[in-house]
Amino acid sequence: MTEENNSTNSQYGTGYNSGRYPYYYGQGGRLVLVDSALEAVNRGSTTIGIKTPEFALITSHIKPTLPLVDPNEKIFLIDKHIGATGAGYIADIEQLIEEIRLQAQKHRLSYESPIDVKSIAKHLSTYLHNYTIYAVRPQAASIIIAGNDETGIQLYQVDPSGTYLKGNGFAIGYASDTAIEVIQKEYSKDLTFDNALELAKKAIEKSIGDKPRVESGIVTKKGFSKLS
Amino acid sequence: MTEENNSTNSQYGTGYNSGRYPYYYGQGGRLVLVDSALEAVNRGSTTIGIKTPEFALITSHIKPTLPLVDPNEKIFLIDKHIGATGAGYIADIEQLIEEIRLQAQKHRLSYESPIDVKSIAKHLSTYLHNYTIYAVRPQAASIIIAGNDETGIQLYQVDPSGTYLKGNGFAIGYASDTAIEVIQKEYSKDLTFDNALELAKKAIEKSIGDKPRVESGIVTKKGFSKLS
Amino acid sequence: MTEENNSTNSQYGTGYNSGRYPYYYGQGGRLVLVDSALEAVNRGSTTIGIKTPEFALITSHIKPTLPLVDPNEKIFLIDKHIGATGAGYIADIEQLIEEIRLQAQKHRLSYESPIDVKSIAKHLSTYLHNYTIYAVRPQAASIIIAGNDETGIQLYQVDPSGTYLKGNGFAIGYASDTAIEVIQKEYSKDLTFDNALELAKKAIEKSIGDKPRVESGIVTKKGFSKLS
Amino acid sequence: MTEENNSTNSQYGTGYNSGRYPYYYGQGGRLVLVDSALEAVNRGSTTIGIKTPEFALITSHIKPTLPLVDPNEKIFLIDKHIGATGAGYIADIEQLIEEIRLQAQKHRLSYESPIDVKSIAKHLSTYLHNYTIYAVRPQAASIIIAGNDETGIQLYQVDPSGTYLKGNGFAIGYASDTAIEVIQKEYSKDLTFDNALELAKKAIEKSIGDKPRVESGIVTKKGFSKLS
Amino acid sequence: MTEENNSTNSQYGTGYNSGRYPYYYGQGGRLVLVDSALEAVNRGSTTIGIKTPEFALITSHIKPTLPLVDPNEKIFLIDKHIGATGAGYIADIEQLIEEIRLQAQKHRLSYESPIDVKSIAKHLSTYLHNYTIYAVRPQAASIIIAGNDETGIQLYQVDPSGTYLKGNGFAIGYASDTAIEVIQKEYSKDLTFDNALELAKKAIEKSIGDKPRVESGIVTKKGFSKLS
Amino acid sequence: MTEENNSTNSQYGTGYNSGRYPYYYGQGGRLVLVDSALEAVNRGSTTIGIKTPEFALITSHIKPTLPLVDPNEKIFLIDKHIGATGAGYIADIEQLIEEIRLQAQKHRLSYESPIDVKSIAKHLSTYLHNYTIYAVRPQAASIIIAGNDETGIQLYQVDPSGTYLKGNGFAIGYASDTAIEVIQKEYSKDLTFDNALELAKKAIEKSIGDKPRVESGIVTKKGFSKLS
Amino acid sequence: MTEENNSTNSQYGTGYNSGRYPYYYGQGGRLVLVDSALEAVNRGSTTIGIKTPEFALITSHIKPTLPLVDPNEKIFLIDKHIGATGAGYIADIEQLIEEIRLQAQKHRLSYESPIDVKSIAKHLSTYLHNYTIYAVRPQAASIIIAGNDETGIQLYQVDPSGTYLKGNGFAIGYASDTAIEVIQKEYSKDLTFDNALELAKKAIEKSIGDKPRVESGIVTKKGFSKLS
């Protein structure tokens, strides 16, 4: 959110607002509602994005559900060449996914060409940022977007403040600090897809302390597809 | 609501908001108004959904009313191929039922074909989610939707946060923790309709500690009908 | 209001909202403003509805007024085939009565046929429910509607939360717990109109501990009329 | 306001709202803002309405003003056949008088006939009631309306909650409890106009403990006129 | 404001609103914001209006300003036949003066005749009253209007509640209680203009305990003019 | 602001609003938000306006800035014949300057003649006054306007309440009490421009206790120009 | 923000608002929400602007990111001849950058010429100022704008209050007090571009106590370009 703090895994100190400051800001100029939204994100499924020049992988922990309940879909097709995943409140995630799907479709209709990945990330950023300005509820979801466009394979993360980041590896959700450390240690641009998937699973396992069930999607030059 | 918490039967800890956090969020990023709505849902009629490949059953406890008062209808026809039930404040349930009936009709008018069940669930999800963003009252009702479409028999649950779940068995309302355990133990894909109805009644009986009066509906490939 | 509580005569426990919960909901997910509205209803005139297959009677206690003041009309003609009465703040009752009269007229204009009784009850329900969602004042009135349509004689009760109930006997207003017990004991489907009127008066007398003055209306297959 | 309380002269107990209840309602479901408005009405000029089959008299105490200040007009012509008076904040009274004058004119323009007295009372009722639903200030004025129409001489009182009453005798404003008792004791349908005027003056004198200066208006079959 | 209190010079007792009553009303149904506005008026320049059948005089104390600052204009031409003055916040006074000037012009344009004085007073009354109903700031200014029309010379006072008074003598602003007493003692209908001006100055001098500098305006059958 | 207080350099006593009074007004009917705005003005640059029949000078202290930062422009051209300066929050000053520049341009377009100085002052007054009525932030800037029109050289001051003053000498901003005293002592209508500039500098020096850097502008019959 | 305080690096004393003052203003007329926004800016990346007659350099510290995360772009192309950088919340910075890019494009479309640098700074000022007037969140970002137009090379800083400054050297963000001191000591108009870049890096190093990674952009008579 703040520049000095471009990991979303920061501690949310006191976040305290005992009448001393007016509504939107807390101590030290912190955005108190956004901090609350991030607390919810940090309780979400551990979710990973890994990118090499050849592909981008998005993998999300599927938390155990009640025996007769299907887990929620966590890997979403946005457009042929773009996929996304997220951590936070499910209904907030779904709304954001719908928003960027719509944006991708609008672009195709207006320009008869696929939207570039950065435009999707920026659009989501603006959409989320708007909720931080008025007396409404900032959305409690961080989103990882993976896509392929003329500039190659792309990986973005967008958080509730509207901040977006580009990179080769992201982790959001529960214990994402732990997850990202695992990925940092073993990441290399030469990872094969199988290596990357193993790495993502390992990172989630370390975070949750248990054999994870995961859902994954991959984007290559050929486009995005979910893994079964 | 949150991913780590995709049962609606969670404990609602303190839900405390003693001036420390601004309006929409409570401690740990919880949605305080939605948690209140869920408390009301948890005081509602114990209500069950069970699905096999052949049929889906929805059954709701009919609480004893005053001698001369008819119990409220709890099983609702949404469209020929879809039925629904719910737990929570009756007037909130009714409003949601009207909303999805209207949506099913609109779809028929626009596309001259029946709406698929997931679209109904997603529409309700979006409708409920909207109430969590602005300074209005989130609706205090969870809804179970049963339907049949080209992808087969479907069972969904949608809660006040806008989260929707798909599965073979759901329980909402009073002591739904107990009810769902009963169903989990005895559920099998080979259940006959009679088995399923027995199971639903047993689950409700365990929850309320009393012989239940219930209302039920069934959806098969032939469509939805209420049981008399 | 809640399903477990489909009598409006429940105790309004603490209803307490000492800053712990945000605006619309109180402890246990109660609707605090609606509970306040119901407290006002419970201070209103004891009001009775009794239905048999042949007729429906609505009777309301006419509280003693100052010597030179006419008592307020409590039995209202809604349409030829429908009458209504209510308990709560008079101006709130009047507004609701106007609303459903208008709705009955609109139906006649649009469809050239009388509106069915359930549609009136549902319309009033939706109208009242709307006041519970936004930062306005929920109306403090419960309404009993008696009517005759193609499905026969009908009796409904609608309360400030928007909940509507159908039945053979209702009591709202002051000491309605007592009133409804009297009716439950002596009700039978074979009651003549004279029996029913006696019963209603007896129930009100028990509630208020005094010989009541009442106003009544009756609906039969021939339509609604006020009694003089 | 409430049915059990159709005199506006009730005690306003505690009216207390120490953070326990949200905005519109106080203890026991009382309308706290309306109660405040009524407190202001009870500090207004003692004002009387008396009706017989032959005439209706409205009389309002004209409080002593500073020597060089004309007293405010308290008896208002609404239409040829209708007059009105009020107690409460003068500017609130004036606004309400303008509102019903306008309504009477609109009726003449639309229907080319004089408006009936009850329609004026109901219109004012709806107008006042609206101020009790939203976050605005309920008007602090009670109005007495006297008129003549096809149903004969009519006398109405409307208070800040929007409640309207019909009768033969009303008193509003300062010590109206005392005033109405005087009228009740001596009222008869055979009162001549002179008797009635004497009675009204006597009632006001008892209330204020002093020889009153009054302003009066009379409506007969021939219409309304102010007395000089 | 209230009828029993048609001098604006009343004591503003406690005006207390310690959380007990909601927003608009204070103890005893007082309009707390209007009372605050009146407190500001009572700190304004002592300002006088005197009327005889032949003329009306308006005179306002011009408080000593810093040596190089021109005093604010306090006597305003509204139309050829109407002048006005005021006490309270200068910017509030100016806005109200603009409002009635505009109203006078509109009348000339619509009816090709000068507006009567009472219509100006009523228009200002309605304009001010509106500020007392919604969550805005009631204007902190009382205005004295002097004019001549077909009914003769007229003198009105309008205060922040929207109350308007007609009379032969008014005093508003600082120590207006004292000022009005002086005028009452010596007022006669036969006052010449010179007498009246002397009287106004004397009243202001008594109020402020010092030789006053004043600004004055006079309206006669020939119209309004400021005195130099 | 208030008439008795037409210097803006008044003490802001307690300005206290501990829940006793509603929002806009504080103790004694003070405008609490405007008082806060004036506190900010009183921390701004000491700023002077001096007028003789031949010219008007506006001079503002230019506070020392960081070595590499240009001081903000403090003397603004409004139109050929009008200049202005201000004290308070820079961004508030700039907005007000833009507003009156626009107003001057509109006048030229509509009437093909230069706007008179008083119209500019009144327009600014109305603009600022509007911010004191609604739940927005009153602007924290006082403006001095110097201009020449058919009535000669003009000097005005407008403050956050919307009050405007006309005169020969004004001081606003830090220690303006001290500054205005210096000017009062030495002001004469016969001041040459050089005298006036010396006087303004001297007044600012006394206020800030240091050799001031200033920016100045002058308006004569030939129009407005900034001094280099 | 205030004139006496035209460095943004001031101490934010208590900023305390314990119920004593209404919403927008704190003690001493401080803008409490803007002060909070500035606190966030002061936690942002140390960011420098240096201007000579030949060029302007903008340089921002790129804080170390997680190993696999690309740092956010901090140097932005606004138009061919203008670049910008900022400190504060990234999403707020991005929104402001988009706003001025759009403004530059609109100018090209309307006037077929490049916008001048001051117009961009003023537009951003007005845009930010607007957020300080209403009950929304003032943006937490300060922006440095460098450009070239007919008046030569230009350097501006705009802060959350809407204040804009022009100069030869600016520092915003973390420990900007330290950074600006370094630049003040060594700045000269004869700096070569290499000198300036060294100086900017040195200033940032002093502020953060570490070898900085930076991103830079330069504007010369030929236009703006980012440095690789």
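For reference, chains read A, B, C, D, E, F and G in written order, and residue numbers begin at 1 within each chain.
To be clear about the criterion, a residue touches a chain if its C-beta (ideal position, glycine included) is under 8 Å from a C-beta of that chain, and two chains touch if they have at least 3 such contacts.
These are the chains along with the protein names UniProt gives them: A, B, C, D, E, F, G = Proteasome subunit alpha.
Since the model is a prediction, treat every value here as computed from it, not as a measurement.
The chains that touch chain A as well as chain G do not exist here; no chain meets both.
A rotation of 105 degrees, rounded to a multiple of 5, brings the CA atoms of chain B into register with those of chain D.
Different-residue interface: chain F and chain G share under half of the residue numbers found at their contact. Averaged Cα coordinates give chain A a centre that lies 52 Å from the centre of chain F. Here the CA centre of chain B is 29 Å from the CA centre of chain C.
Note on chain placement: the centre of chain A and the centre of chain D lie 65 Å apart, centres being C-alpha means.
Counting partner chains per residue, chain B shows two or more touched chains at residues 19, 23, 135. If the chains shown are joined wherever they touch, the resulting network closes on itself as one ring, and no chain has more or fewer than two partners. Listed in rising order, the residues of chain E touching chain D in the complex are 1-4, 6-7, 19-26, 28-31, 122, 125-126, 128-129, 132-135, 161-170, 180, 183-184, 187. Residue ranges on chain E touching chain F, taken from their complex, read 15-19, 23-24, 32-33, 36-45, 63, 65-72, 74, 87-92, 94-95, 98, 131, 135-137, 139-140, 173-174.
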